[in-house]
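Letters A, B, C and D name the chains as they come in the text, with residue numbers starting at 1 for each one.
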Amino acid sequence: MQFLDDYSGIFVRYDLRRERGEAKAVVADDVIMQQVIECVVDGDTDNIESVVKKALETKDPMDVISALVKGMNEVSRLWAEGVYYLPQTILSSDAMLAGIEICEVKMGKALDKKGVVITHTAEGDIHDLGQKIVNALLRANGYEVIDLGKDVPVDDVISAVKKHKPAMLTGTALMTTTMTAFEKISKRLAGEGMALPFVCGGGAVSEEYVTGFDMGIWGKDASQAPLMASDAVSGKNWRQMREKYNS
Amino acid sequence: MQFLDDYSGIFVRYDLRRERGEAKAVVADDVIMQQVIECVVDGDTDNIESVVKKALETKDPMDVISALVKGMNEVSRLWAEGVYYLPQTILSSDAMLAGIEICEVKMGKALDKKGVVITHTAEGDIHDLGQKIVNALLRANGYEVIDLGKDVPVDDVISAVKKHKPAMLTGTALMTTTMTAFEKISKRLAGEGMALPFVCGGGAVSEEYVTGFDMGIWGKDASQAPLMASDAVSGKNWRQMREKYNS
Amino acid sequence: MAKYTSMAYQSAEEMVFGTAKFPVKYGRDFEVGAGFVYPELVPHPRPGSEETKKSLVREYEKMVNDVLERCVQLGFPGIQVELEHVYQMTRNPDWGGEIAATTKRLMEDYHRKYGLKSAIRATIADYRKPDEENMRSSSALGNMLATFEASAAGGADNLSIESMGGKEISDYAIVRQDIRGVLFGIGVLGSRDVEFLWKQIVEIAARHGATPGGETDCAQANVAMFMAGGYLDKSVPHTFAALCRAIAAGRTLVAYEQGARGPTKDCGYEDPIIKSIAGVPISMEGKTCACAHADMLGNLVAAVCDLWSNEAVEYHDMFGGTTAAVFTEILGYDVALMNTAIKMGKEKDLRDIMINSDKYRDTHGFILSPDNAYEIGKAIVTNADSYYTRSRAAAIKAAELMMSDQRLALSEFEKNTLDTMYKTLLGLPDKEEDFIGECIPVYQKLVKGFKPSNYGL
Amino acid sequence: MAKYTSMAYQSAEEMVFGTAKFPVKYGRDFEVGAGFVYPELVPHPRPGSEETKKSLVREYEKMVNDVLERCVQLGFPGIQVELEHVYQMTRNPDWGGEIAATTKRLMEDYHRKYGLKSAIRATIADYRKPDEENMRSSSALGNMLATFEASAAGGADNLSIESMGGKEISDYAIVRQDIRGVLFGIGVLGSRDVEFLWKQIVEIAARHGATPGGETDCAQANVAMFMAGGYLDKSVPHTFAALCRAIAAGRTLVAYEQGARGPTKDCGYEDPIIKSIAGVPISMEGKTCACAHADMLGNLVAAVCDLWSNEAVEYHDMFGGTTAAVFTEILGYDVALMNTAIKMGKEKDLRDIMINSDKYRDTHGFILSPDNAYEIGKAIVTNADSYYTRSRAAAIKAAELMMSDQRLALSEFEKNTLDTMYKTLLGLPDKEEDFIGECIPVYQKLVKGFKPSNYGL
């Protein structure tokens, strides 16, 4: 086989040209809090437990939690600037959540969540990876996620919404032949006099399709989910959200 | 340049494999009528005039006309069987129509047509070749064609339909950005309480699109036009015709 | 009027994709025919988006962005986007102008951010109606010229058109297998209209520092090719369609004699002949324009191309992204293959593989195979007395080539058609004035609306 | 369980498109890997058509007819159509069966009328849910096996599947860059599930005289590749995705050890490695599957293919015909180019051009370049003690190849990821039982619903 040494004119490695955001910059008032933050920023799920426990010996649980969250905010920045990739973000959120759990035990009560979001993958569809990412990112941002899983019958979605009264509902579908369930859900909800932001995403799902039925808001990327959830929690209705995200 | 001698495995000349229908077989009661028929079958526009005039010296115009038509039927068979191509068909129809005209002069009155069809190419669209073929084939089959031409405003189509009360309306569009006029026409006609078979064709026009509005019937190939016209004239409504041609 | 009397290339063997005798440079670091092949992506707006200027501009913004983003995602070095005007963009000159400006803005962003090379072709819609209006003074013509201005001002690098001259005659003749009519409609009338139009386009381009790009006989030769279709179609004989193509070369060539510099218009299948004569870089389309129409020379037609196009794809979603992105990807890899061959010094191997794929698949591939295209080119430059003589010579040469190569299998019907057409061609007058004199009365009688004055006759 | 311990080819140089060590013959005069490449067209039904059996069968009837007609129109010698089941076709075995029968009827018509060669691949949908049900006894499994029966009885020539074993673990691990988890989910659990499934598929195929076709690690390696995406994506590092691919080769290989004979499943990008070991004909997809998803090795991936596929295209109208016809045309010309090269004795030139187009474009193209694929294959057959050892060896080899070739440019981030993964891989236990013992408790804790019993553990 003959191989070239010079590939110019065939392809350009644009990925190498891109400027990187500045590296991690974490600031804390003292050493132990610094360690807590670093555990989150580094997604160090192995040591987070011991470090947080150590911190709790001297610090108030709420302060430790805000350190954990501070670390997570730094991670979000690094991801946004392209320094971090998705896995770093998810590992950090794993670490943060583990840390928070320990603090909650110490406090004897669970931290109250920013709001409730129900997620599911369409009936007949087992492509749930996008949904799993959405779950992780929502949890990382302090939302209570009710995960209905994949291949969820329309009925189950409706009754879950009735039961939990979430601020937002999400659906993932990767097949055009299963996404049709979203429209049914929208109709059923309307029929029951319910209206809430229903964010739909997934490879096969197009903006064209989702904005074609009531409540539908198209989600292009899982990373949008937290911001969407906060809009929903802060009372934006689906029309306002569609206006914001789909136009 | 290097050239191969053997192309097997690269492509197969399926066109050479196809069995041809049997060749022309024309039968007439006598010599002159035989000539009339042959002029049509051969699309001999140069001699049709003299031959028909000669025939008219001894024959009744109506008989000559039926000979002309007989020739044309033979042509249709040859086309259907793949012996003839479109040009042969059009030339034959040119010849037949020229012959009929002469007979009509002799009779002192025009032959009454099978029915009236209005054809047009959509507003903003100058792709009228398909329409021209449709015109030729309809005329060849004895229909009166009112040719509105190309780039025809919706209004003009509506008023033409009001004025001529055709058995069928046709539209041709080769651009998806102009075919949208067909839907407008359908709505306008309905608005004016009119309903007739509206056959739409042309490269860009899909069955999906045309069957999406009232009166719309999708025409795949110009050769369908005569049969569609006879259905329309014999009283089939657009729903029955859509059922027949689009499913 | 000055005509080409010699070939740009010494031989067909010299011709290959990626290199043209006279490269053209414009846009953002974009040079065509200078050693590499680039993709040319042609997106078409969705029905409905043409209703307002705002919605149409927005549609183009989305489409062009998808194209440029996919290029960067996959590492394609550069791309040309064709703005092939739908009626509304030419009918309203400011629409065409603003869409060109929007496209340019996006391209500049990607060039700044990533160094992506790019260029814009604006193809104005010729919506004059030869049989209904005065082609040399109609309001349609006025709008067309105004739109050329607006597009160039807006940022179009390449000005092109698919012109209509002679179409009223060729439409009549093609469906009647009337080769004389085709020669008159394409070879004579078409050529004269191209001359008339391109004088003005070249002048406008010069004024705006844009490049006068390409012409194509889509209006006539593509109708014939298109109707000839595939092995199962029975509309127009394939040998006849091939003759129409040879004749078209003489017509399209006029644009370059008037100052057009290419890259030529993608749908001009006659361009390999043009390149052999004029040496301009050519844009071609084949297998990857299946989204727009089928042809029977999907690989061969790329053999000597400088840009590689999809002709047109309507904007819709597919599993892999929008059609604009999807076809950018396919074209991008197609040209990556050609460019790799160039870098490896194997470009002529790949060229010959492309040629052998289709040279004997059908008549169009046969006459456009570079060796035959070159022969037809020679017939054109050695019969340069008039538009008529060279078009006729091209047709006669094409016929002789088809008749003399045993490897080109033809059905009885196709053979007979070819023989008849060949005899007819030989029987036609030798002088243009005689031919014109013979045709005018005939077609005035046969074709309603035909006005010789539209062609300065 | 018997495992491959030697390579089917003496060297990578020996491998080229169109020829496989063990050709497969089935369908209507259809032979794969015997000297020519054929297109494999995969049409997908429009949303809504899946609602009733009648409408879905009708949809397939239209799609398949468009495919076969375009082949005859353009002269393509033969084609394979994949019926890639949507959920409903497997959920209701008789649907899948009737659609196979309808497809066969149409193919027989075209074969009788024109001699068009053809074959049918039925790919059953594996809709078992590893984290929710018992994968070795669920009703989903029952339906799947029943649908294999029905499809074979209906006329499917090739039975294939994209199986799900280990997905619950790999889904967790891929988005966390946990290479150990990937090795466990793909290399160990995936391999065990493939063994379990293919024993039964092979048996069913034998009973119906159908050919057990191919497996693919779409469920895992394609998720990684897909998320790694292009130059602008930041979801999964490209070096990590390449390691997932190398590991997947060990998993997919199991199907052929169980008796599958190919042609393999198009979306198994690991197939060049499979071909180097097993010598089965492989179906690949690249630039012309842009309609289904983007990849960064559009040309290279065709270098050693025997079938060339579009992965999947939803049925819609385009200017040039329906998507089914359009992609048949593009694929048809793609393979015509390869077959012409073969006839001209230039197939290795074209192969090398394809390879150089993408070998250094991205990590996936790099490790699947035949020379590197062959090296990874050797690592697999020389570490055949267990599914684990060979998958790990494949990953280590892939990492070493990426680290040692200076022409493969990597960003700092990608380099660091690769180093870390490489160290982790080296640090893992040498024996499968130790590795399994280490992983089970860890992932039972981390992944809700993970049941070792699903894998006979």
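Note that a residue touches a chain if its C-beta (ideal position, glycine included) is under 8 Å from a C-beta of that chain, and two chains touch if they have at least 3 such contacts.
No experiment lies behind these values; they were computed from the predicted model shown.
The set of chains in contact with subunit A as well as subunit D comprises C. If each chain is reduced to the centroid of its CA atoms, subunit A and subunit C end up 50 Å from each other. Spacing of subunit A relative to subunit B, judged by their CA centroids, is 61 angstrom.
With centres defined as mean CA coordinates, subunit D is found 40 Å away from subunit C. Looking at subunit A, residues 2, 4, 7, 10-11, 13-14, 18 sit in touch with two or more other chains. Touching two or more other chains at once are residues 44, 72, 74-75, 231-232, 314, 319, 336, 339-340, 343-344, 352, 356-358, 361 of subunit D.
Taken as a contact graph, the chains fit none of the simple arrangements: neither line, ring, star nor complete graph. Pairs of chains meeting the touch criterion: A-C, A-D, B-C, B-D, C-D. By the touch criterion given at the top, residues 12-13, 44-50, 86-88, 91, 127, 129, 132, 164, 171, 175-177, 223, 227, 231-232, 234-237, 240, 314, 351-352, 355-361, 370-371, 407, 409, 411, 413 of subunit C touch subunit B in their complex. The touching residues of subunit A, counted against subunit C in their complex, run 2, 4, 6-7, 9-14, 17-18, 203-204, 206, 208.
Contacts from subunit D toward subunit C in the complex involve residues 44, 69-70, 72-75, 229-233, 286-294, 296, 298-299, 312-314, 316, 318-321, 323, 325-327, 329-330, 332-334, 336-337, 339-341, 343-344, 346, 349-350, 352-354, 356-358, 361-362.
Listing the residues of subunit A that touch subunit D in their complex gives 1-5, 7, 10-11, 13-16, 18, 20, 79, 82-88, 90-91, 94, 124-126, 128-129, 132-133, 136, 149-151, 175-180. Interface residues of subunit C, counted against subunit A in their complex, comprise 35-36, 72, 74-77, 114-116, 317, 319, 336, 339-340, 342-344.
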